[in-house]
Amino acid sequence: MTERVREILSWYASDTPGTRTNIARLLNHGRLGGTGHLVILPVDQGFEHGPARSFAPNPPGYDPRYHFDLALAAGCNAYAAPLGFLEAGAAEYAGEIPLILKLNNSDSLFSGGDPCPAVTGSVDDALRLGCVAIGFTIYPGSSFRNEMYGQIRALAEEAKRKGLAVVVWSYPRGSGLSKEGETAIDVAAYAAQIAAQLGAHLIKVKLPTAHIEQAAAKKVYEKHRIPIETLTDRVRHVVQSAFNGRRILIFSGGEAKETAAILDEVRAIRDGGGFGSIIGRNSFQRPREEAIKFLRTVMQIYAGELR
Amino acid sequence: MTERVREILSWYASDTPGTRTNIARLLNHGRLGGTGHLVILPVDQGFEHGPARSFAPNPPGYDPRYHFDLALAAGCNAYAAPLGFLEAGAAEYAGEIPLILKLNNSDSLFSGGDPCPAVTGSVDDALRLGCVAIGFTIYPGSSFRNEMYGQIRALAEEAKRKGLAVVVWSYPRGSGLSKEGETAIDVAAYAAQIAAQLGAHLIKVKLPTAHIEQAAAKKVYEKHRIPIETLTDRVRHVVQSAFNGRRILIFSGGEAKETAAILDEVRAIRDGGGFGSIIGRNSFQRPREEAIKFLRTVMQIYAGELR
Amino acid sequence: MTERVREILSWYASDTPGTRTNIARLLNHGRLGGTGHLVILPVDQGFEHGPARSFAPNPPGYDPRYHFDLALAAGCNAYAAPLGFLEAGAAEYAGEIPLILKLNNSDSLFSGGDPCPAVTGSVDDALRLGCVAIGFTIYPGSSFRNEMYGQIRALAEEAKRKGLAVVVWSYPRGSGLSKEGETAIDVAAYAAQIAAQLGAHLIKVKLPTAHIEQAAAKKVYEKHRIPIETLTDRVRHVVQSAFNGRRILIFSGGEAKETAAILDEVRAIRDGGGFGSIIGRNSFQRPREEAIKFLRTVMQIYAGELR
Amino acid sequence: MTERVREILSWYASDTPGTRTNIARLLNHGRLGGTGHLVILPVDQGFEHGPARSFAPNPPGYDPRYHFDLALAAGCNAYAAPLGFLEAGAAEYAGEIPLILKLNNSDSLFSGGDPCPAVTGSVDDALRLGCVAIGFTIYPGSSFRNEMYGQIRALAEEAKRKGLAVVVWSYPRGSGLSKEGETAIDVAAYAAQIAAQLGAHLIKVKLPTAHIEQAAAKKVYEKHRIPIETLTDRVRHVVQSAFNGRRILIFSGGEAKETAAILDEVRAIRDGGGFGSIIGRNSFQRPREEAIKFLRTVMQIYAGELR
Amino acid sequence: MTERVREILSWYASDTPGTRTNIARLLNHGRLGGTGHLVILPVDQGFEHGPARSFAPNPPGYDPRYHFDLALAAGCNAYAAPLGFLEAGAAEYAGEIPLILKLNNSDSLFSGGDPCPAVTGSVDDALRLGCVAIGFTIYPGSSFRNEMYGQIRALAEEAKRKGLAVVVWSYPRGSGLSKEGETAIDVAAYAAQIAAQLGAHLIKVKLPTAHIEQAAAKKVYEKHRIPIETLTDRVRHVVQSAFNGRRILIFSGGEAKETAAILDEVRAIRDGGGFGSIIGRNSFQRPREEAIKFLRTVMQIYAGELR
């Protein structure tokens, strides 16, 4: 085990050896194993956006085995998906790659009001499928936030007792926020803080813009001259907001976009002290070989092999 | 054990020895140990107001270990925080300072309607982390008050059975009250009474103004000439309202303000028979040495070493 | 055991010996012990109306021990209060007087809409504190009535299984009724019936006026010439409505008022076949000696020692 | 917290912060607080040998409060006793001294066959009484050993989950051993090992003699020339047998004997690397003042203040 | 993942992906990772034979961390030990090597009658400590066999539901067998069959002799001319007896002996189709460097790098 992984594990000294073992498995697998950096493949878009929107751009992705294989071939640290997708491949790929079971999901056939995902899996499902962690999405800013916070509280307590790690996707959204505010720097930093306070071991947030949503926050950012001009600055601030860097913070790629833009974002994450990326659509919606090449480039940047 | 602590413990004769032991631990730790006075460091602002608003004024506070250390170095009686902040330091600081796990919290990314915090921790979490007490916030005046009262009822019953103490933050707020009414003397006294009736062992309220919110109360205050002119008078009345002083009542400092003003408040709390202070932003938002000096001054006032 | 108490107990033959034992304890304690009459001291006003409105008229009442002592000194059958007030004296007064734990309470800091109290205690709390009964308030006429009926259903079921008695405060109030209707004779009788149907062992209602609220009822009262002119008539009718007198029905004193007026009411209750009184503000808001003298007079009336 | 206590706590890194907190409480209380040494007062002889045999030599010991007071006055780290003795003083002495609830006990009114104590308390009893640890006796060598090992397995798992420490009294006895063998060096070392393997945090064994009980062991002790001539040698070997000194190992005083002899034993425990003593009959069967003086001398030896 | 590991996992198609993942972890770790061969370090001798007999030959082994380190440095597939030994290192070595929690153990301070180990750990302990499998010893031939079979039945059912693998040590012993019979070829084959029928995923037996214990078996072996002359023959027969090689069967080294003799046995295991070795005393009782060299030689033989 590398010194860096050992250092990261030391931040979780209140957790059981079981949970620490599973965090280590996440950190030690794949091409970035041992570096303290992670690239995770998440595929919950089939549930969230529907199959055609998710898989038509690259039809092999309709097959659940495709994503296990992609994550494995590209050397990702882990593959994260909802219950059905994991059940459809966990046996065939047992022991090949760390799995994260997403325990809640929203579909978009009903979309009235604020977001509130359904709980679609359990901690025991995660054990049964051989996962290293549970995943859970919270939507700070939603009028249903308390329901989600209460659910992850109970699920995280159980997961920790049973030796699993807890990954929280913290996505500000809902009637408490403007559209622009969802990725505002103050909101992103706050989202990271909330997930950490809820007891997450790993936290995923979106890359923030320089916009500041909350008036009360704006005063503070200005008064203390918190640097938020460059993306690197903003990543650094969000990392700081996740217990001064003592929680593993990773960033999502967001919507599909140009490769060069994504790689620039990855450089900013790395330079700002972020721990890695969780890249869904930008990987599985490309042709397999292109996706693998792309993910490996991302990993090379995190590994410092590429500027 | 001092006579004063023994006297205070005698008020909790219906509680188990386990709960009384944990109340004693709170009363016997730190520079005020044994005096019957308490100064507690609470840090839930990261969750409640966001990281930058909380920690930018003194950036070391982004690190969860900072607050354990500050509470310890200043000689506080206890440190209170939400799940994530306690998990991130409870192992390293095991046995060094009494801990209080805040079991509910609100974030400010959604703020429509009346306040209703999410439940973010459990009594078993408190045992697992070695806490002496659970903490819980109620918002009398909120349309969701019954939900909170019902939650603390269940959590307090479980905590008492398992030998923990129960600390209730009683903060009147919501559509039942005017803004001014939140700190009105009748409302503050009522808030203390409600927390006591709900079975709290320790109660935290805000310092009250001389304003009287409720018409029915106004008649009574006038008819019986209840003294509420000075802050000391008002503290005395709130202490009386908490079972005639037979429940440990402490006061919050409120928003960050001038040192002199706070120290005057502390003198009023002491002279009115209050048991102590719970001081968050006014301590952890100052530079460490200044904060320690400030907290020690507060303690000297409570200890009667300083007028 | 007197024949009268034996007779009363015979009405509860479906209940366990444990519950009957606790009803017997209520009936056999104090100056009215054995007579089949009861005078109970209830003190939930601190929670319901706030501390100053409740205790400023007689400040020793801020101290929870005061009320145990008052009930005991006056020779009441029982003392009823919310969780906090009982916890603050139950150990010191263990075994001295039957206790009733009020399991729900409303505060008046929020008062929008129909009444719906919070559940603030449990059956296990009642066992732990040595109570003979649980108390619960329902508000027939409130849009939230079903929520309350459902709560008392569950609590009563549990209380009966665990050998406790069930006391229901049945107070018509809410958007289903006019202000005058709250104490209308048809409504009071109906309130007694609902509580009895919900399985209450003891029922408390307010003294009714001669007003008839419901048109459908009015026809019946007139057609069958039900006597409701005098208070005694009306008490008799409400007693009849509580299973023809086979449930223990007691009346509340209502707001503080002149002694003579209250004693007249007591005579009417006695003469109409009511079982007793539950007198809060009219006792604990008087100076102690006056209160004791007053309560003893009430008891003398019930005992037939005084006309 | 001293470096030594911090070092000892580091051996329990698989445990929750709660358990580590309670181990710290044991190590930090009393005159030896912070030194890493412990002197514990255990009083289970009333149950084990009967009252007169236990308390007639010093009749104040019939009163359960006597032992709380003795442990406190002498500055012991903790007081250990069965359920009844703790219940009879835990409220009065709440918060004054760490308590250990002995969860199993044997009486000597039936003594046929191999020893097998009854389980006489629960983990929840320990929480309710405010204890820092559970205590449990195993009798390796008894034909009922498996029953005891199975009981402590379940109790220890529950205690650890609830944040308590686990103290195992490991007393070889039964038809598998000769009388002399009960304190043989190989058997004592083995007893310490068994307790440690069962997951004990603290282990109590008897001081061993130079006798070797088992033929298979004798060969090894001779072949490897394990030093067992002096008591110090033997203590060192038993400490080594408790995970190379990485579990807290304390020694019992055994039967009442001369002071000088005991103090010599204490010196041997200290010099051999033992962590302390658990001294029952030799303390509570002496007159109070003499017992306090005696225990303080023991503590001075451990503290290195006395040769 | 290699084809061989994939083939082995295919035998466990009735198991959950979680269990298969943990079997894969066992097969993929260390120097033999991916070969389908395993060398496991088991250290339960401290419990089974006592500390001096176990660790005096190489005293660093008294320290529980030594064995984690040895297994890791030598490149073993896993480390197996009782609760205490795992708890004393699982946090420090989290994620470094697959762990197997031995759930039952015998000590040798009582040895009357047939063998029957105590249950000393739980499936939840295994999860908490981050183990990949539970281990359990059965003694076919013991009059207590049914008790053990019943215990492993329940524990295995729970372990499988929670995604763990099940390793059974099948050691014929007890009043049903002669001393020579314990390692008789018919008995060893039978022991493997029983463990497989009980649902074990991995089975450990002792190397068999050419002796045939049971008369009824003897006839069959002779009639069908089952080859049992060489050790390789006998290994092949036992492998066949474990579901025709479709369960992972490993062999124990037995008592400490000469290196050359062990390496010959390893060759026989390999050539007979055995999956590997579980080597305790012959590894941890040697000096560290010698042990590592020895274990690596064993691995080279299994890997086919050495004849």
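All chains are identified by letter, namely A, B, C, D and E, in their written order; residue positions are counted from 1 within each chain.
In this section, a contact is a pair of C-beta atoms (placed from the backbone, for glycine too) under 8 Å apart; a residue touches a chain by one contact, two chains touch by 3 or more.
Please read these numbers as outputs of a predicted model, since none were measured by experiment.
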Checklist entry - What is the shortest path, in steps, from subunit A to subunit C when you may only step between chains that touch? => result 2
Checklist outcome for this item: In whole angstrom, the CA-centroid distance of subunit D from subunit E equals 36
Next on the checklist: Using mean CA coordinates as chain centres, what's the gap between subunit B and subunit D in Å?
Outcome noted: 40
Checklist entry - What residues in subunit E touch two or more of the other chains? => result 90-91, 124, 129
Item to check | Touching pairs - complete list by chain label | outcome: A-B, A-D, A-E, B-C, B-D, D-E
Checklist entry - How about subunit D: which of its residues touch subunit A in the complex? => result 13-14, 16-17, 161
Item to check | Touch list for subunit A against partner subunit B, complex | outcome: 11, 13-15, 140-143, 145-146, 149-150, 153-154, 157, 172, 174-177, 186-187, 189-194, 196-200, 214, 216-217, 220-221, 223-224, 226, 237, 240-241, 243-244, 246-247
Next on the checklist: Going by the contact rule set out above, which residues of subunit A touch subunit E in the complex?
Outcome noted: 1, 5, 9, 13, 16-25, 27-28, 90-91, 94-96, 124, 127-131, 161-163
Next on the checklist: If we count contacts the way the header does, which residues on subunit C are in touch with subunit B in the complex?
Outcome noted: 46-47, 49-53, 56-57, 59, 62-64, 82-92, 105, 107-112, 116-122, 124-125, 129
